[in-house]
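In structure tokens below, several structures.
Below, chain A partners chain B and then partners chain C, in two separate complexes.
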Partner chain A sequence: MHNEQFNNRNVSESYFLVDIEDYPTDGWGRFKRVVKRTFRGELFVGLWVVLREMIKFDIHTIQYPQEKMPIGPRYRAVHEMKRLWESGTERCIGCGLCEKICISDCIRIDTKIDENSRKEVSEYSINLGRCIFCGYCAEVCPELAITHGGRYENASEQREHFVMFEDMLTPIDALKAGKQLEFEGFGAITPHEDERVKKTPLSY
Partner chain B sequence: MSEITINIDGKEIKTQEGEYLLNAARANDIFIPAICYLTRCSPTLACRICLVEVDGKQVYACNAKAKDGMNITTTTDAIKSERRAIMEVYDVNHPLQCGVCDQSGECELQNYTLEMGVDSQSYSIKDVERKDKDWGHIHYNPGLCIVCERCVTVCKDMIGDNSLKTVPRGGDALDAEYKDSMPKDAYSMWNKLNKSLIGLTSGEEMLDCTSCGECASVCPVGALVDTHFIYKSNSWELKQIPATCGHCSAGCQISYDVKHASIANPEDKIYRVMNEWNYVSLCGAGRYGFDYENANVTKDEVAFHKAVEAFKKADTIKFTSTITNEEALILEKLKENFGYKLVNNEALAFQTFLKDYSQISGTSLYGSNLKEIAQSNFIVSVGTAIKSDNPNARYSLNNSLTVNKGAALQEESVLYLLLDLFADKEKLPSEISAYLKTFHATKTITVEETIKETIIEIVKTMKMNEETGLEEEVEEEKSKIVPKKISKEVEVDDNKLFELVGAPKDFSETLEKLLAKKDSFSLVVGADLYAHPHAKNLARLVALIEKYSEFKLVMIPSLTNSLGVALINELSSDEGKYSIGYNTKGDFTLSALGDGDFHMPAMNQQEGTLTSINKRVNPTNAALSYGGYELNDIASVLGIVAKNTIDYTRELPTAKGFKAQKFDTLPNHYTNSGEEVRGYELENLAVPHAEDESVEKIDSSLSLGESLIYLVNPVRQFSVFTNKATNLDEVSGVYMSEEFLSKSDFNEGESVRIKSDKGELVATIVSDNKIAGNIVCMPTFDSKLNSEVLFSGYRFTSASIERV
Partner chain C sequence: MDIAYLIETVIKVVVVLLIFSALAGIGTYFERKVLAFMQRRLGPMNVGPYGLLQVAADGVKLFTKEDIIPANVVPNIFKIAPVITAATAFMAAAAIPFLPEFTLLGYTVHPIVADINIGILYILGIMGVGLYGPLLGGMASANKFSLLSAARGAAVFISYEVVTGLSILAPIMMVGSLSLIDFNKYQAGGIGDWVVWSQPVAFVLFWIAAFAETGRTPFHLIANDHEIIDGFGTEYSGMRWGLFFIGEYANMFFISFVIPLLFLGGYGDGSLLGALGLLAKMAFFFFFFLWTRAAWPDIRPDQLMWLCWKVLMPIAVINIVITGFVMMF
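Now for the complex of A and B:
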């Protein structure tokens, strides 16, 4: 890679000055500008554009919120909790690494022992008012359980908007319908991972 | 023992001759990996990872003793490959479930696997099914167990319960080819590990021990976990608050591990209690009795005014010794300014005992501490139920043979016996020597001895005569050794004192054998003596023993801070008309239990200092917040003004041995060499003592009836505070030993009426297999039981028991 493009610090070369009139400095000049702007009919120019496009019926704007832009698979919006494909149980094992690594300290987990003597996440919350969507939690998760999702609408009545485990978890019918998507961003398995793993010998 | 110099990795260090290399290295901040070794226990040699090279030879640092001029190399290539192989072996079939393991983050298997850089596995063996076991307060997951045997070692060597042992694992033997291909030590360590798991000595399903939880705390992995803590919190989320345990006078160093209670409740909660298990062992009360805080208290102004009014009205303050030195000083200042009578009978008895003791010893305090007791090899304990009065004292004399006699009112005879056996009679005051002589007599006894005699027998046997081919009778001489019993008359010294203390017949011989190799002696005396009808005489006897024999002396203060209270407060025995009770019943009661007229912070919500049995002033910090008023606020309104209670730490009376140190400067930790850096030690001041060293003779008129009741708490219970803790679930009632129950016609669970000459009460019978002998015990931890009504201060009383 060549560094010449960085070495040339003469930025003015490809720049040009836009032809803009100087701002008026005295009262008379300001008065003239007001009169000019008022009677130029720019309002009607704008109105004509709207009218013209309306008649054409060839609309390019996206009808948000009925319609949404497709977003990239690595986009980091509100978190999702994934389920295991085979059994449908939640992937989260309650290891608490996301809680530990979270740099804005917005994740909290309560765990307990369940009736099958397994660790159970009894409560899980993310304070979206503090979350900076850095992706560390998804990266550190050993089970690919917590990931980011595509839901970016965070409008809320209060600053401390929490998201609970149940809200993030893939609905079981969505899983059965095969609609759960694996996250491709932070923490996802890199291609050819199998080839790089050292295998443990087994005596079975 | 002499100081020597050894060389570890080119660093000259000084240590004691005969010290283990591992300890010497640790004391000098040199790292030698070790998994199975516990500082105060005997080396187990299970992990073999502490391998070092001494002058070209490989030895285990945990059991190799230091000699002058040794050259030690902690790592060589051969040792490195051994250690790596050992760690690989430990990782064989270890579940990769660190995410759900409670030990994760403080796991030594994790640490050493990373330290040795184990990034691949070369060994394998077929696993056997290893199922989780619930042992009551401890949960065992054999799947995670690396059989380092630390739990077994600590239970045997430190605690003395001997409840755990290794049991066979079953399953395949190691692949034969490993023997040649593997490093030697790693192979033999694996060979041993592969054959065992941990099980219960009793062979039953549940642990039946003193429930100290020390096994779980020393476990390097998540195999042994406290049942109450399973999957509650990751260790790294917990904040450790250094403190001093407030349950008994041992004053163990602990740390309260706190974290927010839940997502919904941001208030701190204590999740567990941890200890520096290499240097201090906790008892069950210390480890599991942590949630006795006075929660959800707010500043109630109305109640506060009532409390101040009550203080203005009162002329007596009754309190218990579960109190910090600072608060005791506040009470003392209140007394000086407003003339309150301070009433605390238990501390008063101890104070009086100490004063009587000083009369002869000339020192304000007893001479020794628990550390010295642990190092001595002949220990006598008198007048204490050591298991429940001060478990840490019990740990320090664990492994020593004890002859337990549950004999009430025999304390005088026992002390006289000690004087007789061990004191230097030349130096003893002549009257005492003369008195001791009166117990001795020579008597002739018939001893049966077995001697071996050689007898020659003539045996007739049939033999084939080879020449003639006929069978002939041949006489042969055979010598035979047969035991024969003969009686012999010998003159022996007959010591009536043995009889007086109720010792078994062969006691003096047993004692003689025991004493054969002993060179350091210790005497531990307890609360039975302080409240004894002849306490004064006993105190003088104890002082004489310390003065004229080699015995080192420790007194067990009856409650948490009895020693501090005895030094700080001037106590009186009689109550006035209107009393304030602090953690005890009064006309106006201040209580940290939340059941009084006014709330007080519990010990885990206070900062301050506590005086321990080791004559140490230990600082303790507040683990949990407290929202209400405390004693200092009341005193401030009354005119004894200080911003914080701990401002009084530097005002503790230097005339009694305290030091004028600020609370914030007091340290609370152990160093790598095991040195206790906690608070400061009380100065043992010289006090004027009387020339008169006379003691009263044994008063044989004192006796109690046949059915004795002893005022003692069960193991893991000390006070109303331990009773409040959720994890200590001892059933309250009248405790009867199994021996007593089998002899009487009472059954467990029955209600009985107990009547002594002081009073009577009704209680439920609880069978306790931890009480030895034929005795009935009443606990004090349950305030509902109110067992004090039966007793007059002395811990024994005779009483009648009948079914209700």
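Now for the complex of A and C:
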């Protein structure tokens, strides 16, 4: 392979160099240029363009608080904690991987052994003032428990504002109504995973 | 001078002041809306239906803002400068016939404050005095941007006074009067009688100079936001800045009245249709000020001077000479 192919940055063959005239050197040339520019009527082209847009009235404004842009399913805003679809218990197993991988060191997780000798999350908070919404926590989560949601309208009185486990957890009634959305971004299962997955050799 | 005339004049002055102060506010609304539509935006929408009360909100803001006099300014001149701008703009309105005369409750009203026989000269002179607003305000502000703006303002206004005066000289020679009423009578016969057909060059020159006189976009370098912040208005706040603003918009409205009165037949024969025609022409010229702001770039100060002294002024002089020869033979 030759280097030339990498240096050729023409994304399309229809690119061409604009024909720029040389600057006039004498007074007569400058005079001719002024006359040509004066009577070419380019000012009226500009007037027509803006008037055309006004008549077409093709308004692109989104009146923000009333109207909102649709955001993609992979949008990385404030985190969400998912529940298991079947039992409704929280998916988080308290492994602490998200705390470990967090590059801005904003996740704090604390666990304890509950009465059934199962590991349980006792404290979980994310400092949104530090979080850079990189998505590593969602990517590393083995249980698809912590994901990113679409809630991007944050306001607080100080830089360090926290979001707690209970705030992020899907409400149980929303889960029962089938409204828990799976995150399609980092670490999520891809769609139609069931059809594509190969069975392990043991099942042959 | 009888008492009735005095009362009538005072009422007319108050009406003109009130209407054009309000129009200046509404003009900002139209400017924001028209510019927004031309840029595929909506403009003000939240205050009142379709943002109509935005004007009132802006007014409340301007009136209630703190009136700051910065430390190093020349206080008296700094305080008087915005008043000069607004006052001269409104003083120029005294010689403009806004409508044909009409009868109200059996009393004939002349919608012109003072029909002086040197009306055009008066209007041009007072608009020339308007230069002192930006000039004094900019020089007194103790701010380099304001100073630049004052220098530019002086250069532009003085240069374009020349073009305005010379371009209008040829129509004045034809009409033989300096009164806008006489101009209107001269063109009262219909579209064929309009001065613009016999003086198209003067019309275009006066129109171009009007942009410089009002400091609108192709020649907006006196308060060019991206170069010198707000120019002479940088240090002003509250209603003092608002007076500059009202002066600028009132000037736009008055120039938009003067151009049709001089060149496009004014209110014609004085019928209702003629009066509406004058308002429509005024609306078009005001709209054109906003239109060019959306479409055209600003030019450099040296280009503006070049345009004035090397292009427009010679053309105006040639126009006068040709008009003189045509009238002589």
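A few points about this structure:
Keep this in mind: the second predicted complex is superposed on the first by the 130 of 204 C-alpha atoms of A that agree within 3 Å, B and C clash if a C-alpha of one lies under 4 Å from a C-alpha of the other, contacts with A are read in each partner's own complex, and residues count from 1 in each chain.
As a working rule, a contact is a pair of C-beta atoms (placed from the backbone, for glycine too) under 8 Å apart; a residue touches a chain by one contact, two chains touch by 3 or more.
Because the structure is predicted, anything quoted here is derived from the model rather than measured.
In the superposed pair of complexes, A:Pro142 makes contact with chain B only, with no contact to chain C.
Judged by the number of chain A residues each one touches, B leads among chain B and chain C.
By the touch criterion defined above, A:Leu51 lies against chain C but remains apart from chain B after alignment on the C-alpha atoms of chain A. When both complexes are overlaid on chain A, the residue A:Ser125 reaches chain B alone and has no touch with chain C.
Remark: chain A residues 93-97, 99-100, 108-113, 117-120, 123, 125, 142-143, 198, 200-204 touch chain B in the complex. Interface of chain B with chain A (complex): residues 97-100, 104, 119-126, 132, 172, 175, 230-234, 236-237, 260, 262-264. Of all residues in chain C, only 34, 37-42, 45, 291-292, 294-296, 311 touch chain A in the complex they form.
Within the complex formed with chain C, the chain A residues making contact are 34, 43, 46-47, 49-51, 53-54, 57-61, 63.
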